[in-house]
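We just call them A, B and C in the order they show up, numbering each chain from 1.
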Amino acid sequence: MTETISLALFSGTDDKLTAAATMATGAAAMGRPVKVFLQFWALDAFRADRITKDHGVAHEAGPEGAAALRRLDEKGVHWSELLRQAKEIGDVEIAACAHSMEMLAIGRHDLDPLVDDVIGIAAFMAGVNGPVVFI
Amino acid sequence: MTETISLALFSGTDDKLTAAATMATGAAAMGRPVKVFLQFWALDAFRADRITKDHGVAHEAGPEGAAALRRLDEKGVHWSELLRQAKEIGDVEIAACAHSMEMLAIGRHDLDPLVDDVIGIAAFMAGVNGPVVFI
Amino acid sequence: MTETISLALFSGTDDKLTAAATMATGAAAMGRPVKVFLQFWALDAFRADRITKDHGVAHEAGPEGAAALRRLDEKGVHWSELLRQAKEIGDVEIAACAHSMEMLAIGRHDLDPLVDDVIGIAAFMAGVNGPVVFI
(Lines give C-alpha, C1' and ligand atoms only; values in the text may rest on other atoms or scores of the structure.)
Protein backbone atom coordinates (compact mmCIF):
# COMPACT_ATOMS: atom_id res chain seq x y z
CA MET A 1 0.00 0.00 0.00
CA THR A 2 2.99 2.35 -0.03
CA GLU A 3 3.36 2.15 -3.80
CA THR A 4 3.59 5.51 -5.52
CA ILE A 5 0.84 6.64 -7.90
CA SER A 6 2.44 8.32 -10.92
CA LEU A 7 0.17 10.67 -12.85
CA ALA A 8 1.33 11.71 -16.31
CA LEU A 9 -0.95 14.64 -17.13
CA PHE A 10 -1.23 15.37 -20.83
CA SER A 11 -4.66 16.97 -21.23
CA GLY A 12 -5.34 20.52 -20.13
CA THR A 13 -9.14 20.59 -20.06
CA ASP A 14 -10.89 21.29 -16.76
CA ASP A 15 -12.80 17.99 -16.71
CA LYS A 16 -9.67 15.83 -17.03
CA LEU A 17 -7.70 18.02 -14.62
CA THR A 18 -10.56 17.66 -12.11
CA ALA A 19 -10.43 13.87 -12.53
CA ALA A 20 -6.65 13.95 -12.04
CA ALA A 21 -6.81 16.18 -8.97
CA THR A 22 -9.52 13.98 -7.47
CA MET A 23 -7.34 10.90 -7.97
CA ALA A 24 -4.34 12.66 -6.44
CA THR A 25 -6.43 13.67 -3.43
CA GLY A 26 -7.84 10.17 -2.99
CA ALA A 27 -4.36 8.63 -3.18
CA ALA A 28 -2.88 11.18 -0.77
CA ALA A 29 -5.73 10.53 1.68
CA MET A 30 -4.86 6.81 1.53
CA GLY A 31 -1.26 7.59 2.46
CA ARG A 32 0.18 6.87 -0.97
CA PRO A 33 2.94 9.06 -2.41
CA VAL A 34 1.82 10.82 -5.63
CA LYS A 35 4.12 12.00 -8.40
CA VAL A 36 2.57 14.27 -11.01
CA PHE A 37 4.33 14.95 -14.33
CA LEU A 38 2.97 17.80 -16.48
CA GLN A 39 3.27 17.50 -20.24
CA PHE A 40 1.88 19.28 -23.30
CA TRP A 41 -1.52 20.91 -22.74
CA ALA A 42 -1.67 20.03 -19.03
CA LEU A 43 1.57 21.95 -18.51
CA ASP A 44 0.08 24.92 -20.34
CA ALA A 45 -2.85 24.92 -17.90
CA PHE A 46 -0.47 25.38 -14.95
CA ARG A 47 0.73 28.83 -16.08
CA ALA A 48 0.45 31.13 -13.06
CA ASP A 49 -1.53 33.75 -14.95
CA ARG A 50 -4.29 31.42 -16.13
CA ILE A 51 -4.47 28.39 -13.85
CA THR A 52 -7.97 29.26 -12.61
CA LYS A 53 -9.22 30.51 -15.98
CA ASP A 54 -11.62 28.45 -18.10
CA HIS A 55 -9.64 25.69 -19.86
CA GLY A 56 -12.62 24.15 -21.62
CA VAL A 57 -13.76 20.54 -21.46
CA ALA A 58 -13.25 17.46 -23.61
CA HIS A 59 -14.81 17.83 -27.06
CA GLU A 60 -17.22 14.96 -26.36
CA ALA A 61 -18.76 16.74 -23.34
CA GLY A 62 -20.75 19.08 -25.55
CA PRO A 63 -22.44 22.26 -24.29
CA GLU A 64 -24.58 20.30 -21.79
CA GLY A 65 -21.55 18.66 -20.18
CA ALA A 66 -19.67 21.93 -20.08
CA ALA A 67 -22.60 23.56 -18.29
CA ALA A 68 -22.79 20.72 -15.73
CA LEU A 69 -19.10 21.11 -14.93
CA ARG A 70 -19.46 24.89 -14.61
CA ARG A 71 -22.32 24.48 -12.12
CA LEU A 72 -20.11 22.13 -10.11
CA ASP A 73 -17.25 24.63 -10.16
CA GLU A 74 -19.46 27.34 -8.77
CA LYS A 75 -20.26 25.44 -5.60
CA GLY A 76 -17.21 23.17 -5.46
CA VAL A 77 -13.48 23.60 -5.32
CA HIS A 78 -11.27 24.23 -8.34
CA TRP A 79 -8.90 21.42 -9.35
CA SER A 80 -5.90 23.61 -8.49
CA GLU A 81 -7.28 24.02 -4.97
CA LEU A 82 -7.85 20.24 -4.73
CA LEU A 83 -4.17 19.74 -5.62
CA ARG A 84 -3.13 22.28 -3.00
CA GLN A 85 -5.12 20.35 -0.39
CA ALA A 86 -3.60 17.05 -1.59
CA LYS A 87 -0.12 18.51 -1.06
CA GLU A 88 -1.10 19.53 2.48
CA ILE A 89 -2.44 16.16 3.53
CA GLY A 90 0.05 13.90 1.76
CA ASP A 91 3.28 13.39 -0.11
CA VAL A 92 2.43 14.92 -3.50
CA GLU A 93 5.11 16.21 -5.87
CA ILE A 94 4.32 18.08 -9.09
CA ALA A 95 7.00 18.34 -11.77
CA ALA A 96 6.94 19.95 -15.20
CA CYS A 97 8.34 18.08 -18.21
CA ALA A 98 11.49 19.85 -19.43
CA HIS A 99 10.77 18.92 -23.04
CA SER A 100 7.23 20.34 -22.97
CA MET A 101 8.56 23.54 -21.32
CA GLU A 102 10.79 24.04 -24.34
CA MET A 103 8.09 23.19 -26.86
CA LEU A 104 5.63 25.67 -25.35
CA ALA A 105 8.33 28.27 -24.59
CA ILE A 106 7.37 28.28 -20.90
CA GLY A 107 9.92 29.42 -18.33
CA ARG A 108 9.99 28.24 -14.75
CA HIS A 109 8.72 31.58 -13.45
CA ASP A 110 5.69 31.37 -15.69
CA LEU A 111 4.42 28.41 -13.68
CA ASP A 112 2.12 28.36 -10.67
CA PRO A 113 3.87 27.73 -7.32
CA LEU A 114 2.07 24.34 -7.19
CA VAL A 115 4.83 23.11 -9.52
CA ASP A 116 7.82 21.92 -7.46
CA ASP A 117 10.36 21.07 -10.11
CA VAL A 118 11.28 20.69 -13.79
CA ILE A 119 12.48 17.19 -14.75
CA GLY A 120 13.03 14.99 -17.79
CA ILE A 121 11.17 11.83 -18.75
CA ALA A 122 14.01 9.61 -17.45
CA ALA A 123 13.73 11.15 -13.98
CA PHE A 124 9.95 10.68 -14.06
CA MET A 125 10.29 7.03 -15.12
CA ALA A 126 12.95 6.46 -12.43
CA GLY A 127 10.37 7.44 -9.82
CA VAL A 128 7.76 4.99 -11.09
CA ASN A 129 6.98 2.45 -8.39
CA GLY A 130 3.39 1.40 -8.93
CA PRO A 131 0.64 2.42 -11.35
CA VAL A 132 1.23 4.99 -14.08
CA VAL A 133 -1.94 6.87 -14.99
CA PHE A 134 -1.98 8.88 -18.23
CA ILE A 135 -4.71 11.50 -18.18
CA MET B 1 -1.02 -12.71 -11.69
CA THR B 2 -3.87 -12.13 -9.25
CA GLU B 3 -3.34 -8.39 -9.26
CA THR B 4 -6.49 -6.39 -9.86
CA ILE B 5 -6.86 -4.29 -13.00
CA SER B 6 -8.51 -0.97 -12.07
CA LEU B 7 -10.19 0.85 -14.94
CA ALA B 8 -11.09 4.50 -14.36
CA LEU B 9 -13.45 5.27 -17.23
CA PHE B 10 -13.76 8.96 -18.03
CA SER B 11 -14.66 9.07 -21.71
CA GLY B 12 -18.11 8.18 -22.95
CA THR B 13 -17.49 7.65 -26.67
CA ASP B 14 -18.18 4.25 -28.17
CA ASP B 15 -14.62 3.69 -29.40
CA LYS B 16 -13.05 4.22 -25.96
CA LEU B 17 -15.79 2.25 -24.21
CA THR B 18 -15.17 -0.62 -26.68
CA ALA B 19 -11.44 -0.48 -25.87
CA ALA B 20 -12.26 -0.50 -22.15
CA ALA B 21 -14.73 -3.39 -22.41
CA THR B 22 -12.23 -5.37 -24.48
CA MET B 23 -9.56 -4.86 -21.82
CA ALA B 24 -11.98 -5.88 -19.06
CA THR B 25 -12.90 -9.04 -20.99
CA GLY B 26 -9.24 -9.90 -21.64
CA ALA B 27 -8.35 -9.41 -17.97
CA ALA B 28 -11.36 -11.43 -16.77
CA ALA B 29 -10.44 -14.24 -19.17
CA MET B 30 -6.93 -14.29 -17.63
CA GLY B 31 -8.45 -14.70 -14.17
CA ARG B 32 -7.67 -11.19 -12.98
CA PRO B 33 -10.16 -9.25 -10.85
CA VAL B 34 -11.36 -6.09 -12.61
CA LYS B 35 -12.67 -2.98 -10.88
CA VAL B 36 -14.34 -0.40 -13.09
CA PHE B 37 -15.00 3.16 -11.85
CA LEU B 38 -17.33 5.34 -13.94
CA GLN B 39 -16.70 9.08 -13.98
CA PHE B 40 -17.88 12.07 -15.98
CA TRP B 41 -18.91 11.25 -19.56
CA ALA B 42 -18.38 7.50 -19.16
CA LEU B 43 -20.92 7.50 -16.33
CA ASP B 44 -23.37 9.38 -18.53
CA ALA B 45 -23.08 6.61 -21.15
CA PHE B 46 -24.26 4.01 -18.61
CA ARG B 47 -27.73 5.55 -18.19
CA ALA B 48 -30.22 2.70 -18.61
CA ASP B 49 -32.25 4.56 -21.23
CA ARG B 50 -29.36 5.20 -23.61
CA ILE B 51 -26.60 2.68 -22.96
CA THR B 52 -26.92 1.09 -26.41
CA LYS B 53 -27.59 4.39 -28.23
CA ASP B 54 -24.92 6.04 -30.40
CA HIS B 55 -22.40 7.80 -28.12
CA GLY B 56 -20.18 9.07 -30.91
CA VAL B 57 -16.47 8.49 -31.30
CA ALA B 58 -13.33 10.44 -30.44
CA HIS B 59 -13.06 13.70 -32.39
CA GLU B 60 -9.90 12.48 -34.11
CA ALA B 61 -11.67 9.47 -35.65
CA GLY B 62 -13.36 11.59 -38.28
CA PRO B 63 -16.28 10.40 -40.39
CA GLU B 64 -14.23 7.52 -41.86
CA GLY B 65 -13.33 6.14 -38.43
CA ALA B 66 -16.89 6.53 -37.20
CA ALA B 67 -18.14 4.54 -40.19
CA ALA B 68 -15.58 1.77 -39.58
CA LEU B 69 -16.72 1.44 -35.97
CA ARG B 70 -20.37 1.40 -37.00
CA ARG B 71 -19.73 -1.44 -39.48
CA LEU B 72 -18.01 -3.37 -36.67
CA ASP B 73 -20.96 -2.79 -34.35
CA GLU B 74 -23.39 -4.18 -36.87
CA LYS B 75 -21.70 -7.57 -36.98
CA GLY B 76 -20.06 -7.56 -33.57
CA VAL B 77 -21.14 -7.21 -29.97
CA HIS B 78 -21.83 -3.92 -28.25
CA TRP B 79 -19.41 -2.85 -25.49
CA SER B 80 -22.19 -3.16 -22.90
CA GLU B 81 -22.70 -6.78 -23.96
CA LEU B 82 -18.92 -7.39 -23.76
CA LEU B 83 -19.00 -6.11 -20.17
CA ARG B 84 -21.95 -8.36 -19.38
CA GLN B 85 -19.95 -11.34 -20.67
CA ALA B 86 -16.87 -10.23 -18.69
CA LYS B 87 -19.00 -10.24 -15.53
CA GLU B 88 -20.18 -13.76 -16.31
CA ILE B 89 -16.73 -15.24 -16.85
CA GLY B 90 -14.79 -13.37 -14.18
CA ASP B 91 -14.69 -11.16 -11.12
CA VAL B 92 -15.70 -7.79 -12.58
CA GLU B 93 -17.21 -5.01 -10.47
CA ILE B 94 -18.57 -1.80 -11.92
CA ALA B 95 -19.05 1.22 -9.65
CA ALA B 96 -20.28 4.72 -10.36
CA CYS B 97 -18.38 7.72 -8.95
CA ALA B 98 -20.56 9.44 -6.33
CA HIS B 99 -19.17 12.85 -7.22
CA SER B 100 -19.93 12.48 -10.94
CA MET B 101 -23.47 11.25 -10.11
CA GLU B 102 -24.06 14.55 -8.32
CA MET B 103 -22.47 16.64 -11.07
CA LEU B 104 -24.61 15.06 -13.78
CA ALA B 105 -27.72 14.82 -11.55
CA ILE B 106 -27.92 11.07 -12.12
CA GLY B 107 -29.76 8.92 -9.58
CA ARG B 108 -28.99 5.28 -8.92
CA HIS B 109 -32.16 4.12 -10.66
CA ASP B 110 -31.16 5.96 -13.82
CA LEU B 111 -28.22 3.57 -14.29
CA ASP B 112 -28.07 0.31 -16.21
CA PRO B 113 -28.10 -2.84 -14.04
CA LEU B 114 -24.48 -3.44 -15.13
CA VAL B 115 -23.55 -0.91 -12.44
CA ASP B 116 -23.13 -2.68 -9.08
CA ASP B 117 -22.50 0.18 -6.72
CA VAL B 118 -21.92 3.90 -6.11
CA ILE B 119 -18.63 4.71 -4.37
CA GLY B 120 -16.27 7.62 -3.74
CA ILE B 121 -12.74 8.10 -5.03
CA ALA B 122 -11.22 6.99 -1.72
CA ALA B 123 -13.01 3.64 -1.92
CA PHE B 124 -11.85 3.22 -5.52
CA MET B 125 -8.24 4.02 -4.60
CA ALA B 126 -8.44 1.65 -1.62
CA GLY B 127 -9.19 -1.18 -4.05
CA VAL B 128 -6.19 -0.43 -6.25
CA ASN B 129 -3.84 -3.39 -6.24
CA GLY B 130 -2.09 -3.34 -9.60
CA PRO B 131 -2.36 -1.22 -12.74
CA VAL B 132 -4.72 1.76 -12.94
CA VAL B 133 -5.90 2.43 -16.48
CA PHE B 134 -7.54 5.78 -17.23
CA ILE B 135 -9.60 5.61 -20.39
CA MET C 1 12.79 -2.25 -11.50
CA THR C 2 12.50 -5.00 -14.13
CA GLU C 3 8.74 -4.63 -14.34
CA THR C 4 7.40 -4.27 -17.87
CA ILE C 5 5.71 -1.03 -18.95
CA SER C 6 2.68 -1.89 -21.08
CA LEU C 7 1.48 0.90 -23.38
CA ALA C 8 -1.98 0.52 -24.89
CA LEU C 9 -2.01 3.13 -27.64
CA PHE C 10 -5.49 4.18 -28.72
CA SER C 11 -5.06 7.73 -30.00
CA GLY C 12 -3.42 8.46 -33.35
CA THR C 13 -2.66 12.18 -33.02
CA ASP C 14 0.95 13.31 -33.20
CA ASP C 15 0.97 14.91 -29.74
CA LYS C 16 -0.19 11.74 -27.95
CA LEU C 17 2.07 9.53 -30.06
CA THR C 18 4.99 11.80 -29.16
CA ALA C 19 4.12 11.47 -25.46
CA ALA C 20 3.92 7.68 -25.88
CA ALA C 21 7.21 7.42 -27.76
CA THR C 22 8.91 9.61 -25.14
CA MET C 23 7.64 7.33 -22.37
CA ALA C 24 8.82 4.23 -24.26
CA THR C 25 12.26 5.79 -24.74
CA GLY C 26 12.52 6.80 -21.08
CA ALA C 27 11.51 3.32 -19.93
CA ALA C 28 13.91 1.61 -22.35
CA ALA C 29 16.73 3.86 -21.16
CA MET C 30 15.98 2.76 -17.58
CA GLY C 31 16.32 -0.89 -18.63
CA ARG C 32 12.62 -1.68 -18.41
CA PRO C 33 10.96 -3.93 -21.01
CA VAL C 34 8.26 -2.09 -22.94
CA LYS C 35 5.26 -3.70 -24.64
CA VAL C 36 3.27 -1.52 -27.00
CA PHE C 37 -0.22 -2.55 -28.19
CA LEU C 38 -1.71 -0.58 -31.09
CA GLN C 39 -5.49 -0.17 -31.21
CA PHE C 40 -7.99 1.91 -33.15
CA TRP C 41 -6.62 5.26 -34.36
CA ALA C 42 -3.08 4.63 -33.10
CA LEU C 43 -2.94 1.52 -35.27
CA ASP C 44 -4.10 3.54 -38.26
CA ALA C 45 -1.18 5.96 -37.72
CA PHE C 46 1.31 3.09 -38.09
CA ARG C 47 0.39 2.39 -41.74
CA ALA C 48 3.69 2.28 -43.67
CA ASP C 49 2.52 4.79 -46.28
CA ARG C 50 1.59 7.52 -43.82
CA ILE C 51 3.48 7.02 -40.56
CA THR C 52 5.44 10.27 -40.94
CA LYS C 53 2.53 12.24 -42.41
CA ASP C 54 0.65 14.83 -40.34
CA HIS C 55 -1.77 13.03 -38.00
CA GLY C 56 -3.13 16.17 -36.36
CA VAL C 57 -3.19 16.96 -32.65
CA ALA C 58 -5.76 16.64 -29.88
CA HIS C 59 -8.81 18.86 -30.43
CA GLU C 60 -8.01 20.84 -27.28
CA ALA C 61 -4.58 21.91 -28.59
CA GLY C 62 -6.09 24.48 -30.93
CA PRO C 63 -4.17 26.14 -33.77
CA GLU C 64 -1.58 27.60 -31.37
CA GLY C 65 -0.74 24.21 -29.87
CA ALA C 66 -0.59 22.59 -33.29
CA ALA C 67 1.88 25.26 -34.43
CA ALA C 68 4.07 24.75 -31.34
CA LEU C 69 4.22 21.00 -32.01
CA ARG C 70 5.05 21.58 -35.68
CA ARG C 71 7.97 23.87 -34.75
CA LEU C 72 9.24 21.14 -32.40
CA ASP C 73 8.97 18.56 -35.17
CA GLU C 74 11.06 20.64 -37.52
CA LYS C 75 14.08 20.67 -35.24
CA GLY C 76 13.41 17.49 -33.25
CA VAL C 77 12.87 13.84 -34.03
CA HIS C 78 9.60 12.30 -35.18
CA TRP C 79 7.84 9.95 -32.76
CA SER C 80 8.40 7.03 -35.14
CA GLU C 81 12.14 7.74 -35.04
CA LEU C 82 12.01 7.93 -31.22
CA LEU C 83 10.41 4.47 -31.19
CA ARG C 84 13.09 3.15 -33.55
CA GLN C 85 15.76 4.44 -31.16
CA ALA C 86 13.91 2.94 -28.17
CA LYS C 87 13.99 -0.45 -29.90
CA GLU C 88 17.74 -0.10 -30.45
CA ILE C 89 18.61 0.75 -26.88
CA GLY C 90 16.16 -1.51 -25.06
CA ASP C 91 13.66 -4.36 -25.06
CA VAL C 92 10.70 -2.77 -26.86
CA GLU C 93 8.04 -4.83 -28.64
CA ILE C 94 5.28 -3.29 -30.74
CA ALA C 95 2.20 -5.37 -31.55
CA ALA C 96 -0.94 -4.54 -33.49
CA CYS C 97 -4.36 -5.47 -32.09
CA ALA C 98 -5.90 -8.18 -34.27
CA HIS C 99 -9.41 -6.85 -33.66
CA SER C 100 -8.52 -3.30 -34.70
CA MET C 101 -6.77 -4.66 -37.84
CA GLU C 102 -10.07 -6.21 -38.85
CA MET C 103 -12.12 -3.16 -38.00
CA LEU C 104 -9.92 -0.86 -40.06
CA ALA C 105 -9.34 -3.44 -42.82
CA ILE C 106 -5.58 -3.21 -42.35
CA GLY C 107 -3.39 -6.11 -43.47
CA ARG C 108 -0.03 -6.96 -41.94
CA HIS C 109 1.85 -5.72 -45.01
CA ASP C 110 0.19 -2.31 -44.72
CA LEU C 111 2.02 -1.69 -41.45
CA ASP C 112 5.38 -0.03 -40.86
CA PRO C 113 8.24 -2.44 -40.05
CA LEU C 114 8.29 -0.97 -36.51
CA VAL C 115 5.37 -3.31 -35.82
CA ASP C 116 6.68 -6.73 -34.73
CA ASP C 117 3.54 -8.77 -34.42
CA VAL C 118 -0.26 -9.00 -34.51
CA ILE C 119 -1.83 -10.27 -31.27
CA GLY C 120 -5.15 -10.39 -29.46
CA ILE C 121 -6.13 -8.64 -26.25
CA ALA C 122 -5.64 -11.83 -24.19
CA ALA C 123 -2.00 -12.10 -25.34
CA PHE C 124 -1.46 -8.44 -24.48
CA MET C 125 -3.00 -8.86 -21.03
CA ALA C 126 -0.93 -12.01 -20.46
CA GLY C 127 2.21 -9.91 -20.90
CA VAL C 128 1.14 -7.31 -18.34
CA ASN C 129 3.61 -7.28 -15.47
CA GLY C 130 3.59 -3.74 -14.12
CA PRO C 131 1.87 -0.50 -15.10
CA VAL C 132 -0.59 -0.35 -18.00
CA VAL C 133 -0.68 3.08 -19.64
CA PHE C 134 -3.59 3.89 -21.95
CA ILE C 135 -2.72 6.75 -24.29
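Descriptive notes on the structure:
Following the convention adopted for this analysis, a residue touches a chain if its C-beta (ideal position, glycine included) is under 8 Å from a C-beta of that chain, and two chains touch if they have at least 3 such contacts.
Computed from a predicted model, the values in this text were never measured in an experiment.
If you lay the C-alpha trace of subunit A over that of subunit B, the rotation comes to 120 degrees, to the nearest 5.
Looking at which positions face the partner, subunit A and subunit C present mostly different ones, since fewer than half of the interface numbers are shared.
Spacing of subunit A relative to subunit C, judged by their CA centroids, is 23 angstrom. In subunit C, the residues that touch at least two other chains are 58-59, 131, 133-134.
Looking at the complex, you find that subunit C touches subunit A at residues 5, 15-16, 19, 22-23, 25-27, 29-30, 32, 58-61, 65, 68-69, 71-72, 131, 133-135.
Looking at the complex, you find that subunit A touches subunit C at residues 6, 8, 10-13, 39-41, 44, 56, 58-59, 99, 102-105, 120-122, 124-126, 128, 130-134.
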